[in-house]
Amino acid sequence: MSNNIQIDNSGRLRHFLTIEGLNRALLTEILDTAESFAAVGEQTVKKVPLLRGKTIVNLFFEPSTRTRTTFELAAKRLSADVLNINVSTSSATKGETLLDTLRNLEAMHCDMFIVRHSESGAAHFIASHVAPHVSVINAGDGRHAHPTQAMLDMFTLRRHKPDFGRLCVAIVGDIMHSRVARAQIHALTTLGVAEVRVIAPKTLLPAQIESLGVHVYHDLRAGLRGVDVIMTLRLQHERMLGAMLPSEREYFHLYGLTEEKLAYAKPDVIVMHPGPINRGVEIDSRVADGGHSVILQQVTHGIALRMAIMTLAMRSGKEE
Amino acid sequence: MSNNIQIDNSGRLRHFLTIEGLNRALLTEILDTAESFAAVGEQTVKKVPLLRGKTIVNLFFEPSTRTRTTFELAAKRLSADVLNINVSTSSATKGETLLDTLRNLEAMHCDMFIVRHSESGAAHFIASHVAPHVSVINAGDGRHAHPTQAMLDMFTLRRHKPDFGRLCVAIVGDIMHSRVARAQIHALTTLGVAEVRVIAPKTLLPAQIESLGVHVYHDLRAGLRGVDVIMTLRLQHERMLGAMLPSEREYFHLYGLTEEKLAYAKPDVIVMHPGPINRGVEIDSRVADGGHSVILQQVTHGIALRMAIMTLAMRSGKEE
Amino acid sequence: MSNNIQIDNSGRLRHFLTIEGLNRALLTEILDTAESFAAVGEQTVKKVPLLRGKTIVNLFFEPSTRTRTTFELAAKRLSADVLNINVSTSSATKGETLLDTLRNLEAMHCDMFIVRHSESGAAHFIASHVAPHVSVINAGDGRHAHPTQAMLDMFTLRRHKPDFGRLCVAIVGDIMHSRVARAQIHALTTLGVAEVRVIAPKTLLPAQIESLGVHVYHDLRAGLRGVDVIMTLRLQHERMLGAMLPSEREYFHLYGLTEEKLAYAKPDVIVMHPGPINRGVEIDSRVADGGHSVILQQVTHGIALRMAIMTLAMRSGKEE
């Protein structure tokens, strides 16, 4: 699948589907735009009229209250009208095809689809079939991509460690099944982070992960030595039963981030997690709630970042 | 049941329950008002402040995401506040009567109920029991009526073929079980369309349908000969199993609209469908997506039409 | 559990969890503020911009369309943005802890949580763990408290019978399991109502109810003699099966409010009910719909009262 689809003829963001294929200038523009929205959440009136009169549809093919909430909030703070559509319980049951559902929403002059789907490539498929006036934002498709999460990580990272050229970042955990890890790696390398490490058991690492330009570690302590940033990943309980891991307890013993292991990193290391946290599985509560954690800042920045993506993608559609 | 209930003492629309009993002047006023809203969907800011501070309740006794979406969108573009209430999962479970639910919503100063119900006459029943300040819009009740759908069809028709006195319109398909067909027939004849035909197998035609002033055809090709407009109807899979039709394949063979059959109509014929489409059952994809189809325009016009109905009914209540 | 938590350092309402611990001045301020909002529902544009740009979250751990609707409506009429989150179907399923859910919503700069929970003390627990900028409103927790309902009763009462020092009020029905009764008793005594009676079978009265300063009656006619106000309670069908009551018919015979029994009260008695009504169980339809009933006024006042609570609690958070 080509990724050019997410860039319009003027080189601007039209859809936001994956970090792959976006250059450093564009990622930086996203971060800069998010910076301008970060203050909105602090205002007494947390609202700007930028997308007033626009219709944004949360088109969710699998339920995710958490993700839906962040996009709904971002859209409302931009003064857009929001429609929540849970496709699994709606037209799908009447036998309407996906494309007909899209055509109908477009015909109602909806401007943007926030797409959540359990299958990889779904957002891409939808973006390649929408009308010229519609933008598509990927809010997570299967194991493939979750690009707003990766970018809010970059935003949080830049606020704490702006000198990317000197950074060493470690991504720890289930790289194989994570929607987030792959996007993080692309974003980090595109933005010029000096060194990216992945730390995981062999069973949770995709083949040829080194080809993405990362260093692989199987030992947590060794991998954390001297890093500036630790990005922990959520362990998907459901997928782990027996097949790939002996037990959660064993996983925590080997790969759970504790204060003891944290000490191998630089003294001013920051710790991230995309949420929701499995306390005592991939991260110890003392680390999650401790002084190095920026996990809740990620949540805060997630709103600003999504406001930025919505505004940029909407602008593209309008001026074409 | 009297239909006078939907007209106030000044002859204006107070509720919108059924096309029956509305005269040509009133239907024309609805279409003219919708015309004034058609441009809103094309604006950069798709919003007008007409119903700001009004509360519109989607009171759905059966789920219909599709229908709910169109009314919610129309209400939001008029700047109204919208409450979505799925009655089957709410107070009904606490044993509250329907009338008590209505009394409560009225007491909260709600201004308008958009009613969807599986039983014929439900919207009528509700309209006959609401407080003077509340208007009721029928969003589909059983097989009975779906008047906003019929009127958006009229709106789409008028935009393409404004000279109703010269038109020949064919309605094709499951006339018997359609919420839409009966309303379409009333609207077409009231607006002075020269000839209305219905084309269907005998098992899908109600008795004495001729009394509504239509010509009956059982052969699709014969019925389409020389028509200006074809209104196809959705085949309700669920209801068809064995009892009334041999099979979907057989139905498509006899009554499915294909390019070959379309050729019997006038060269500039337009094709409508209320959606969602059963591709390959009542209509072939080449026709649904072809140059004669105005199906997606119907969806677009549906928003303007519902904005018109809401504005007109709200005005009535206010000035009484 | 201390109730001081709901008062800030300046003695103002910060959370609204229970009537207990609130003094007469504060309850009166709530009623006075609600008075200023009562007119909003009567306006053509039922909206004030007081909470524009604020984010109010309906955080419902058990479903209640009725309660959710009243808070959503109040929030929208104050121009706030509203998020509806049904926790049972969201992050809880991903194993996130309640506190993590709160931390996340706070990090998104949400300003207020409207909490509905099946367990007593849940709202209190949440309020004792939220960030300084967040206010918590109890929308019903187990059998414990439902303070907005009690205060809208007081508001309705004051509009009809402002001279509290001379009033005799009877609360009739399932005192034991009611979320409302306990809060009503506290509010009535705090506001200086001269006499409060509770009328119920022994099986539906908590032990030592007299310690709250009420007079206990087991005979409805005796208890109603000379009262100014009758507050009927909803009988929770589900809880009554066999164990505590012989039958609904028997209950109605003994404790159902009929016109005959109403005659024992003062001629200008008013009758209240928190809704939804079980007609023919705790109240006869002729009374519920009769001239003494102010039940629908309670619903109307409920919106104004909730607007008042939201505005007061939001103000506290802001100026601290």
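A, B and C label the chains in the order they appear, each numbered from 1.
Everything that follows uses one rule, which is that a contact is a pair of C-beta atoms (placed from the backbone, for glycine too) under 8 Å apart; a residue touches a chain by one contact, two chains touch by 3 or more.
For clarity, every value in this text was computed on a predicted model and none was experimentally measured.
Its C-alpha atoms superposed on chain C, chain B is turned by 120 degrees; the angle is given in steps of 5. Of all residue numbers used where chain A meets chain C, under half belong to both copies. The two sides are thus made of different residues.
The distance from the centre of chain A to the centre of chain C, each centre being the mean of the chain's C-alpha atoms, comes to 42 Å. Residue positions of chain B touching 2 or more other chains: none.
By the touch rule above, chain B contacts chain A in their complex via residues 41-47, 63, 65-66, 69-70, 72-73, 76-77, 237, 275-279, 296-297, 299-300, 302-303.
Across the interface of their complex, chain A is touched by residues 52-55, 81, 83, 85-86, 89-91, 94-97, 100, 103-110, 318 of chain C.
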